[in-house]
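Both complexes shown next keep chain A, but they swap its partner, so chain B is in the first and chain C is in the second.
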Partner chain A sequence: MAAPKMSVGKPTVDRLPCNTTSFQKKSRSKLVSIPGTRPSIQNGQLIVSTGVTSLDYVIGGGLAVGTLLLIEEDRYDSYSRMLFKYFLAEGVVCGHELYVASALDHPNDILQELPAPILDDIASPKTVEDQAKSCDPESQDAMKIAWRYQHLPKVQTALASSSRFGHYYDVSKTMDPEICQAARCHGFYLPEHSTAVTSPTATTSGQSPMPETYSSLLNNLQEVIHREGFDGSVPQTKSRNILRIGLHSLGSALWDDDLCCRENPSHGHALTTFLYGLRAMLRSSLSVAVVTVPSHLIQNRALMGNITRLCDTAIALESFRGSERETNPLYKDYHGLLDVRQLPYLNCLVCDLPDNKDLAFKLKRKQFTIERLHLPPDLSETVSRVSRGELTGTAMVGSSGCGSGSTGNRHLDF
Partner chain B sequence: MLLEVLQGTEAGGFILIQDSVNYCGRHLLKSCINTALKREEVVHVLGFEVSQEELNDGLDRTSAQRLHFHNAYSDPLGWTGNSPFTVHQFTLEDISTLLKQTPQAKAVTLVIDSLSWILRHHDPAAICQKLQALKKGGVVRAVIGLLHSDLHQRGTVGSICHLATSVITVAPGTRGLGAFAKITRRTKSGKLMQDEEIFSINEDLTVTIQSKRSHPGSTPMNTDESEVDPTANLTFNLRLSDTQREAKEKLPLPFVFSKEKKSALLHPGTGSGRILYEPDANDDYDQEDPDDDLDV
Partner chain C sequence: MFAELNSILNTSPDSFKPGEFILVSDKHTDASFLIHHFLSFYLRAGCKVCFLGLVQSFSHYSAISQRLVSKLFPSPSYTYCASKCVFTVVYDLLLLGGDVLTTFCMGSFIMFHVNQGVSLTQGREKGQLVFLEGLKESLGVLLQGEASKETRTMDFLRDPSSGLRGLYDFVRDNVRGAVGGAEEWGPPVLLVDDLSVVLSLGVSVGAALDFSHYCRATVCSELQGSMVMLVRCEAEEEEESDDEGSERLLRGLIHQCSLTLQVQGLPTGYCRDIHGQVEVCWRGQCDRQQAQKKLFQYKVHDKGASFFARGMSSAVL
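== the complex of A and B ==
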């Protein structure tokens, strides 16, 4: 297991160089070189970082340009909002343009809360020199019996790739306003754009496939893409750039969509039509989109499956805050679970699935880490016995009660 | 935390009291109104479910002029044609005109009794948008609403709770001690605080907290079985005294090497194969070759 290399980059305030791998193809590459992007190792697509390096690793290196990432929000929208802000902050640091749409908070308020980037590489992972330093003679007493294993690296629970792509952010500080203003941002705040909020009870259910809010958002987005030339309409006067689109909390009641309120919503296909149009627009322009959906409020599972299928990459967050899992000792180091629901097959037959599906995340001050969830060895006697007894108990109940009618707690003794 | 929520309403706050058929949350709502009146605030009540007399019963009489009750109880749907307040008037413009009718100098607290009534006659998505506009609009300082959670679908209740800054869910307490409240509060910075308390409401509508952090519903599995200590009642001694423990820890383990040997093994030299031998205490290290005296 190789320890990750420390990359040597000289960061400046306005334009930070992207850290490419040391492998350089000799052939002239047909791909455009846009700051903040690099070709993917797996399928050659142009990818951007999501702002969280562990998340980049989980979804296969990064977000491909022209695709859509769906984040299913956790119950109180704390960690999904953090991921949303990381995505926008990465756009500011790389010099991309931003487009933020929200119905709850004004986009300017969201942009003022972005985390500050760590520019001098303090939070890079430990290198080989650090490991060699730690095993000087004084600390050899750390392991009395198994001292031969002191030099072997510990089991890697944190997911990281061998080359750095993306930046680290300090959550406790907000981004400098100068850096923020250097980036061009387009905002869409729904109360400013909505024309008529009062809902007529009878009429417009059959007229348009999606409500006013989604269609106005889609029109606005198309207008911005066309005007700024992300779809190739403007001739090559200036260098090309990527548009990062962040759509917060789509499908919630504030977007005039009762997908979250009812089991059989009246505009059942509103969000799916919107996502279809959005994806078509993304494919034909140099842009990346992140959409968060409050999926814990959506009762109709079939609709949620449709929404997932219409996005390219889909992840779901489940935080332990407020649920009974908070006190579970297995989860005490983590803040929640992360589930990768879908990964795209972009111009290839297979996609790089993560080898371990049990992932948990932890929000530290300088890093949002996603780790493999390791179950500790089950050392206590009672736990395994109860589970075996329960299994046999239920099996006996199922088989028409033959044998002794054991309750869940009685364990079998041999 | 219940008292903090009832007393400290910051601007732009939306407190939601969620009850069910098992326990009515209106007493807690009245205690909220009382606390707001004592804080010298102007309170406007949109009453859909109970009449004015029933709501005013028990409230502080001295500050009655700061309490304005808008009667939506007698004719909520406007059938008679001249109703003081109908359910269709629940919009930002109508509420603003209503609030401007009564002159106030300080902040206004709007109490809605109950949100369930309005949700039955309007689209839930539209109600969420109106509540959000009320929260952000600056017309009212705080909104307090009562919601009967068993009257609506889970998605609707969830959507309204998502908008609220504090949610108090009340349930009947076990063993007749009082009622059980679960409070969830979100601060402006995004921090989340949760608490569970048992409370009771006195005659003068003040809330007393009886105990905190008790879970009436959860039964931990292993409280009944006490751990039987196997080292008790034995004819031999399994425990160590302190001196015995110290002697045990001082005992050198058989394969513990000295520091030099460990470091030599951990950092191998330049590839030369050397045999490092350190004689143990019991070894008889004799340099002589024992085969020397063989006469062959």
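== the complex of A and C ==
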């Protein structure tokens, strides 16, 4: 269950100061207190919010600093772009620095489209409490039909965490320009950089695995990190901050990469080499990166597997828009499916495995919710044979599980 | 170090076979917990360890090694309850806390739980462990890499067609150890975390197989040391892959090795209590006529992993 799990592991910082004892837990952690971050409950890593509280819960509390989140885009890049903007908006609200790289839209245009934050977030904890209250009177005079299942927890579909770590955004409004300008932002717009770049290395060494676009991006990123002191090079004249890096649609043809165009790309290792360099850079600096990749265009699944393994956290979005599932009554409440492909092992042997891997999302005006996909009971006279195995078959096939993955569509029928 | 795995493999830090090439492979899951096992195993055995950490930073391995606790010995742990003045002697057959725990009571009576983890930083300082941080070295090569750099270990990033020669030179130089060294370590051990990442960086399968062959000739045959390599595969269900790289690498390495540990997820799907299965296969050696195979299921938890026969998980029984 979502709520008890969170309350057990609540950090002592959030507890109300009404303790009667003067006993204080001696904190041995040397974590710096950076606004917008908190230590993770599971393993003490410093984590930031992705901007979507449901997504934070699904990936284990948040995004750890120094790691990379890969978002596999949905077909029209609508919801993945939304997640990208949520990530950047969260950075603006928390006061982090931003680095946006895009080949299609100018970074300034992306920043003007960020959703407006809802600054009074009292609404969110209330909804969780309301649900709890509505459940109690029911349980008192509940008929004991399903007595076998009494000891099992009630199915809670909403996966929001109850802490105030993340913020909520109103998608129908854009962020105030003043708030936006208060944040420091570095942009990398590929058409501006491609004409100016000269690569002396291409002439000396043989064949570099990375095209110029990726090398110039990597160099620019390293320069920003070094100049602003995120890797600890600059002595601490100012307080520490996090750099949020957003790289949009890497691997698409606009980045001079034919990964999405051909089955056997000539630069098959360009993106993986870039991600390796990015991983090295992230591990040695106070930054978080979100990369979106149009994976539906990549025909070679093995390459996608390599890309996924070089990232830390990987999720895939599949929207129903334009497919036959849009009219399927089973999916009428949702906008798409979300698949958690990989969760990171950060300084410990285990990762935070979710208990349920069938997740669906829906984008409401004030919230991007991710819920467990469960089928309602079939009360019709003829039992419908459209089973879960068929529906979520495409989501589960080809998914590399975090701990163990299902390798086939075994529909067990009793 | 996982005690159950030691008993499955019939080894212990005091007695293990020299000249072993152990291959750890995984499919749709992550078998790096076995690498942590072998790292602490060989460090505890007093061997000189050369570790090529190509995918994670040093602090990752160091943090995990500190927490790995051996489950071999039951030891009494005295816990003092401050409010009740009661001593309880608890035989801790499961995991001991890895931290130093001091308990003060009225009679100034102090008990210590000694940290049973292995410290990698200490090993590095003493010279027992040589660690190549692939990520750190790679940055210098990828960003405006100058050809005049003296370290050519990660050269394959700049030019994948040149192969893993630089990496092999690094291994060869560090595996022999100092001639007039103060400490005498045991036989050398080479650990490679994730040989398949070089395939995603553009190196050919042939070059990777050459590298492993050269290392095996140096480490296992010449110096009678051991080698452990991790290979991660991405299996295609459709089987239409045209000689896909990591499958070929896996097949080539299985041919070269003496012991394989193949880790897979459960074929029936995802389960919280059983994370997967391990197939241990001893390849035919001169004293054993045919290959011997054993299948176990495992569960990884915070301080170790437990291995059990199929269907014998504690969650089921």
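The rule we apply is simple: the second predicted complex is superposed on the first by the 311 of 414 C-alpha atoms of A that agree within 3 Å, B and C clash if a C-alpha of one lies under 4 Å from a C-alpha of the other, contacts with A are read in each partner's own complex, and residues count from 1 in each chain.
In this text, a residue touches a chain if its C-beta (ideal position, glycine included) is under 8 Å from a C-beta of that chain, and two chains touch if they have at least 3 such contacts.
Nothing here was measured: the structure is a model prediction, and the numbers come from that model.
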Query = Touch check for A:Lys364: first (chain B), second (chain C), both, or neither?
reply = neither
Partner chain(s) touched by A:Met281 [first = chain B, second = chain C, both, neither] = second
Query = Just chain B (first), just chain C (second), both, or neither: which does A:Ile298 touch?
reply = first
Task = For A:Arg227, decide between first (touching chain B), second (touching chain C), both and neither.
result = neither
Query = Of the partners chain B and chain C, which touch A:Pro191 in the superposed model: first, second, both, neither?
reply = first
Key: Common interface positions of chain A, toward chain B and toward chain C   = 201
Remark   = In the complex, the residues of chain C that touch chain A are 28-30, 32-33, 36, 55, 57, 59-60, 63-64, 67-68, 135-136, 138-139, 142-145, 147, 157-162, 197, 199-202, 232, 234, 236-237, 241, 244-246, 264-272, 274-276, 300-305
Ask   = Which residues of chain A touch chain B in their complex?
value = 76-78, 81, 103-104, 135, 137, 140, 144-145, 147-148, 150-151, 191, 197-199, 201, 252-258, 260-263, 294, 296-299, 321-322, 324, 382, 386, 409
Inquiry  = Which residues of chain A touch chain C once you look at their complex with the stated criterion?
reply    = 200-201, 204-210, 215, 218-219, 222, 268-269, 272-273, 276-277, 279-281, 283-284, 301-302, 305-307, 309-310, 345-350, 353, 355, 357, 397-398, 400-408, 410
Note = The residues of chain B that touch chain A in their complex are 91, 122-130, 132-133, 136, 153-156, 158-159, 162-163, 184, 186, 190, 192, 194, 218, 221-222, 225, 253, 255-256, 259, 262-263, 265-266
